[in-house]
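The structures come next, written out as structure tokens.
What follows is subunit A paired twice: with subunit B in the first complex and subunit C in the second.
Moving on, here comes the complex of A and B:
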């Protein structure tokens, strides 16, 4: 369980996060969405203990990440957007660094890497950006951590790798692990992220499961225009309209349309989701 | 797996499983993959997969043997068939009839050619 309360963080005079409160429970794959510069990466680096909260607190299973206790570090993995091109082969890197995670499995690393079609012997500093990212993702999953903070993990991945990534995050994490994935690649990940957290300038707009979203909002893909739609987007096959769900009928949540609806009607949405 | 845009994904997964039962690919008594296995195979969130299994369980199509896994009910095919026939008659037939009226067609379009 991750509990964030009244968290605040500024870079000099620039306040990025202010009064953020959020709970993330075990066994979920959270999608952390937000426009550029709202503090997604800052939040992830605070969660993993790289930065110290200036206001408020974060606890992960009751522990403060900035305390950097070995028992907590062994349970977590932070994968930054830009990963290091280590001067070593994938295999020797994994052997040398895996020892820091007590549940690390080298076999698992080899399996995932071969599914990603990256050679074990390849030098990481000679890899393409996508191959390097895949090596780090394989390493992260082989660490068998309980908490994963993944910053834009599908950036740089080619088309087949995106599908492999979606499978791997479910297949190679355990039932009690918690993943927080920040992303702009909503279409890559919309079937895999649930609940959805939307971060805005200094506040959390929404933290809701897909089930809650589809209970509160109806996503209409028909061609007939409805009055009272909160959001309307033209698509080749007609349009997507989002309006309050009054009938209880469920529809498929389109995460991009949801994001845009939330941004266009912040107060309405916040009231609707009781934040 | 690609999903169409209209129905919630968990219901689309339910439809796929029902179609596999109707086609005979899945049979009464068969064990089906765990929530996480199935989710990994098709690249969806375990919560979504869990909702599909909950719906199939509520409809009497699958059942959970504690600690062993999910299995198809012996009469799964009959259950699916009855539900889908009802759905076809109540939803699809009126829609087809309305469309035929719009296009000026009569029931001769169903005659074998």
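Moving on, here comes the complex of A and C:
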């Protein structure tokens, strides 16, 4: 269980996160969404212990991530947006690096990497950005960690690789693993992320499951325009309208439309989700 | 799980650290270690071009070359763990599941033992090989060093006999070693503190400190001279001053080494990305 309480962080005079509180329970894939510069990467680096909270606290299973205790480091994996081009083959890298994660499986690494169509013997510093990212993703998943913090994992991946990534994440992470994935590319991940956390202007706007979102908002994909829509987006085949769900009818959540709705009606949404 | 220090985890990490060091810095290490061969080839080439005779570098030049190579090795410490300040590589290093203590001890062992031993081995083996294959090359530096050490011991014994002070050979060796340790740790510390221009930063600090010390000396020296004018310099006083200065030098070296070690530990503990 990840617990964030009244977290604050600034870069000099510029406050990025202020009074953030949230809980992330086990076995979920959280989508961390927000505009550029709202502090998604900062939050992830605070969660994994790369940064020290300036205000408030973070605990992961009761431990302080900035303590960087080996047991917690072995339970987690942080994948940054830009990964390191190691001067070694993918296989050597995995063999040498994997020994630190007690549940690391080399076979799993080889399998995922072959699904990503990256050669095991290829030198990592000679790989393209996409191949390098895929190698790190394969390594991360082979570590069998309990907590994953993935920062823009689909950046730099080609279209087939994005699908392979989704497949790998659902197939190769255990049911009790918790993933927090920050992304701008919600369409790449909308079928796997649930719940959704939306950060905006130093605060958490929403932390809700798809079920909760669907219970409170209705996503209409029809062609008929209805009054009272919180958000309307024209699409080639019609439009997407989002309005408060007053009938209790279920609908498929469109994450991008939801994100835009939240941004257009922050106070309404905050009140709706009791934040 | 022991969160502070586990020997098993340390050994795993140390092997990993040495492997990474070899992978990333072996070429530079071999280049610095192989300076004797490069120097030899250049010297012979120049002598052939300008005198048409085969001349090997004279022993004084070889000793100077060795000292220069050793100095370069000391300066190179800004680079060995310099990647810690880089966002990508530094983050990756911090996230390796080993404790700060294990990473710190491994860093010290690599810097103070693995790298110097590797350098000495490569340098002296090449030098010894040249001494074997070229009769004009003269004695290998290794045998020269053991001879030099014996001479230092003899010199100390002679000095001890002359002015009857107790200059411990072990103390001299330890002071020299503490000096090397200080230099290696200083440049390592600068390497993991400065994000850019690490060497420039290291020298800027040295320049700043030496300027302050010069100003202090300028203030203190006239008072020392006044003090010396008023007292009669006896052999007894000379002995106590010499012994005191040697002890002070050793204590300062050890204190500085401990200080730099503490600085490295603090940096590892507080570094953020």
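Before moving on, here are some points about what is shown:
Throughout what follows, the second predicted complex is superposed on the first by the 275 of 275 C-alpha atoms of A that agree within 3 Å, B and C clash if a C-alpha of one lies under 4 Å from a C-alpha of the other, contacts with A are read in each partner's own complex, and residues count from 1 in each chain.
Following the convention adopted for this analysis, contacts are C-beta pairs under 8 Å (C-beta built on N, C-alpha and C of every residue); 3 or more make two chains touch, one makes a residue touch a chain.
None of these values were measured; they are calculated from a predicted model.
In the superposed pair of complexes, A:175 makes contact with subunit B only, with no contact to subunit C. By the document's definition of touching, of the two partners only subunit B reaches A:211; subunit C does not.
When the two complexes are overlaid on their common chain A, residue A:253 makes contact with subunit B while staying clear of subunit C. Shared-chain residue A:88: touches subunit C; no touch with subunit B.
Once the two complexes are laid over each other on the shared chain, residue contacts for A:166 go to subunit B alone; subunit C is not touched. When both complexes are overlaid on chain A, the residue A:25 reaches neither subunit B nor subunit C. Contacts of A:57 after superposition: neither subunit B nor subunit C is touched.
Of the two partner chains placed around the shared chain by superposition, subunit B is the only one that A:191 touches, whereas subunit C remains out of contact.
Common to the subunit B and subunit C interfaces on subunit A is no residue.
Looking at the complex, you find that subunit B touches subunit A at residues 1, 3, 5-9, 11-12, 36-37, 39-41, 43-48, 51.
Every residue of subunit A that touches subunit B in the complex is listed here, in rising order: 27-29, 163, 166-168, 170-171, 175, 191-194, 209-211, 214, 221, 237, 250-254.
Taken together, the subunit C residues at the contact with subunit A in this complex read 1, 3, 6, 9, 12-13, 16, 19-20, 23-24, 87-89, 91-92, 94-100, 102, 270, 272-273. Within the complex formed with subunit C, the residues of subunit A that make contact are 45, 48-52, 67-71, 73-74, 76-78, 80, 82-84, 87-88, 96-97, 99-101.
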